[in-house]
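Note that the chains take the letters A, B, C and D in the order they are written out, and that residue 1 is the start of every chain.
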Amino acid sequence: MTLLCASADEAVSGIADGSTVLVGGFGTAGMPFELIDALIRQGARNLTVVSNNAGNADTGLAALLAAGQVRKIVCSFPRQTDSWVFDELYRSGKIELEVAPQGTLAERMRAAGAGIGGFYTRTGVGTLLAEGKETREIEGRTYVLELPIAADVALISAHTADTLGNLVYRKTARNFAPVMATAATTTVVQVRHVVEPGELDPEAVVTPGIYVDRIVRVPS
Amino acid sequence: MTLLCASADEAVSGIADGSTVLVGGFGTAGMPFELIDALIRQGARNLTVVSNNAGNADTGLAALLAAGQVRKIVCSFPRQTDSWVFDELYRSGKIELEVAPQGTLAERMRAAGAGIGGFYTRTGVGTLLAEGKETREIEGRTYVLELPIAADVALISAHTADTLGNLVYRKTARNFAPVMATAATTTVVQVRHVVEPGELDPEAVVTPGIYVDRIVRVPS
Amino acid sequence: MRPVSASVVEHTDRGPLGRDEMARVLAGDIPRGAYVNLGIGQPTTVADHLPPDAGVILHTENGMLGMGPAATGDAIDPDLINAGKSPVTELPGASYFHHADSFAMMRGGHLDLCVLGAYQVSASGDLANWHTGEPGAIPAVGGAMDLAVGAKRVFVLMSLFTRAGEPKIVRECTYPLTALRCVDRIYTDVATFEITGDDRVVVRETWGISFAELRSRLDVRLERDVH
Amino acid sequence: MRPVSASVVEHTDRGPLGRDEMARVLAGDIPRGAYVNLGIGQPTTVADHLPPDAGVILHTENGMLGMGPAATGDAIDPDLINAGKSPVTELPGASYFHHADSFAMMRGGHLDLCVLGAYQVSASGDLANWHTGEPGAIPAVGGAMDLAVGAKRVFVLMSLFTRAGEPKIVRECTYPLTALRCVDRIYTDVATFEITGDDRVVVRETWGISFAELRSRLDVRLERDVH
């Protein structure tokens, strides 16, 4: 059942130290800023964060990193012109980094959500990112075995939710959110609008409410 | 590029003997009846058909079976109260049957469409349907390795297409079609309506046009 | 969810449950707001006994959450059917998705509960419900293996004995298996059972039969108490 | 697609191509109606040289087909960006999808073409474009490996020589690899190349340099003809 929360602080309550947290967004599009700010106030530490990037400028995920709450980050593209918070932590050995190809990152979370124990992909074969991973020939092509990324919590952003937790997104702000929603034990969503069941087109729902545990409306 | 065909016969032209053909539909919902009728007229033989069921009553997929064009069928649920065409062919040894769990069937086609060389699933472990298949322990659980189902042709049905091949479906007639569209070299779609690009909501497109090769409008 | 009874309740002053009563007993144990898949056949009838305010959301594996009651008359729409291919309706808050997404939902452990029929269930919770294994029988599995493996809890709804009087709860299944160690509870016409996972079967409630008689007729380790 | 030239065309009466000219040459080789992903950086500029009537449909890996030109002024929408995180626009017939679907599209071989930058390309088509391998460099791969492996054809757009004058087409890459044997063509400021798959590199056209001089400066087996 989906819980409509009164505040972002309520929505992120109970996140434990040491949790694995999926954080939606591609750059700042779809980044759940208010939930991250609440997680900073909530104070859980020693987190493993999975997100496409490692924070931009000084807000959002970058602020969470700056707060010293993140032990390890799993992402595809940490290095950006405005990733100075991460860069500094990384160079001073204060954060662990695991780089994964972007499609592998998405597919590993999808696997966790879909009950797939592992899958073979051609991406990364023969590269540094496949070192130490099992490879296998299938029908004459070489594949690398990748394992699921399951998480304790997903923090994502959507455009509109109904009170059952069905979600729709807006343009490329959709990005990782629907996949992350499936891969976490508890999925927390910040939305711009909340409507009653029946107000979203059932053909256009992107994330069915079964994947959503907590919703909070934030000012748009 | 998507080709708008003038007839179902044009849409199925060129299907070769011995092809693997994905046929959409769950029972009769989403069954591409007009395309199947055209395939019967076109006459390709020795086909391997992948579909959830093995035909209902005497039309659609059942008619294709009755025409003697199908060598083998891969499906999850052949036996139904009205599957007499299949039942007779099967009992008289005139058709080969491979039964797969419904989710494994869908996921194997998704894998083909997504470049996945194989995946581990818990479904089927310890059962007849996993006999002869590789199993593996991952994180203390047993999984069975399943391989992709790629096809030469997919015959599916959708509700509305734009001329770029973007598709939307209607209710549970969606079923296997979006997955099959990704798994075939040539995807052929019968639709009730054709509209211009820009008339479908980009947020609600289910099958992007990149997966669609041929469209034909059929009377609804 | 109703707590497991500390000791069996025996209703020996009446006969076995009818099919409607069986469905009602099971429906009463479905938690509020649960996401539930009801299998083809008798399990489908459980929907008729869910109170409207229970907020239970029904999944059908052919691509829908928020399935409503059977459609009749003008409401019949060939594009809107359930897994048994019968016309159904759509409730507010429904959503549609394709088959790979629908089975990812099942196989990924997101459904709270599924209800399935069975030929046999073993004391360890092995389920046999897809194939009689008879020569000439055409195998057809549908989504049964995916559901049995994927749902967080699996309830079986079946008569306890075959027409020939053979018990369907057995030490080891003789029919081909659907999935290993997946069944949590069994709802039958004469008793409800809890599978504990350590090869004990706990009887929760009986109708028209005593615990003692049940014990004499089943070749499994039956307990009257979870402790 | 333009047929591979039977013999190299040498434009020695002019200097090397400018960046705009490079993009225009590559754009001219993109088939009508193709589904194309343009990588971050210089490859993005290819879009400016596609004729509007070419029907080329641009994919951006952050979840969109039918991407339009860069957004400016009031059209800037923070929810609508490209893979380089710059604001873009939406064309009629666009569609949005999530990241797993977007990369399934790439990895499943559905894109006709991608255009990528590179540090190095080997004579066998190995690509190195994600990591300098220098001590202290922070690795960041993004979607490069997925694109290189997944697109039906991979075009590289780069200058042929580093600022220090080192050729970027090499026998074996010394930078960390992005993918093996994936590059089909290389578009540079001084020449375009076809990778044949048998370790030969065919020169298709040159600007401001002769085939003979190219051959003297590159340490790979250069051919002037595909036969």
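Methods note: a residue touches a chain if its C-beta (ideal position, glycine included) is under 8 Å from a C-beta of that chain, and two chains touch if they have at least 3 such contacts.
As the structure is a prediction and not an experimental result, all values here were calculated from the model.
Here the chain-to-chain distance from chain C to chain D, counted in touching steps, is 2. Per-chain CA centroids place chain A at a distance of 33 Å from chain B.
Per-chain CA centroids place chain A at a distance of 35 Å from chain C.
For this pair, chain B with chain C, the centres built from the Cα atoms lie 30 Å apart. Residue numbers of chain B whose C-beta contacts span two or more other chains: 107, 110, 114-116, 121-123, 169-171, 202-203, 206.
Along chain D, residues 90, 96-97, 103-104, 106-107, 149-150 each make contact with two or more other chains. Chain contacts here follow an irregular pattern that is not a line, a ring, a star or a complete set. Contact between chains, per the stated criterion, is found for A-B, A-C, A-D, B-C, B-D. Residues 1, 110, 112-116, 162-164, 166, 182, 196-198, 200, 202-203, 205, 208-211 of chain A are the ones that touch chain C when the two sit in their complex. Within the complex formed with chain A, the chain B residues making contact are 107, 111, 114-123, 136, 138-139, 141, 143, 147, 168-171, 201-204, 206. Listed in rising order, the residues of chain C touching chain A in the complex are 32-33, 35, 55, 57, 59, 65-66, 90-97, 103-111, 149-150. Put simply, chain C touches chain B in their complex at residues 60-64, 77-82, 85, 90, 96-100, 102-104, 106-107, 131, 136, 138-146, 149-150, 176-180. For chain A in complex with chain D, the residues that touch the partner chain are 26-30, 52, 76-80, 87, 90-91, 97, 99-104, 106-107, 109-110, 121-129, 169-179, 206.
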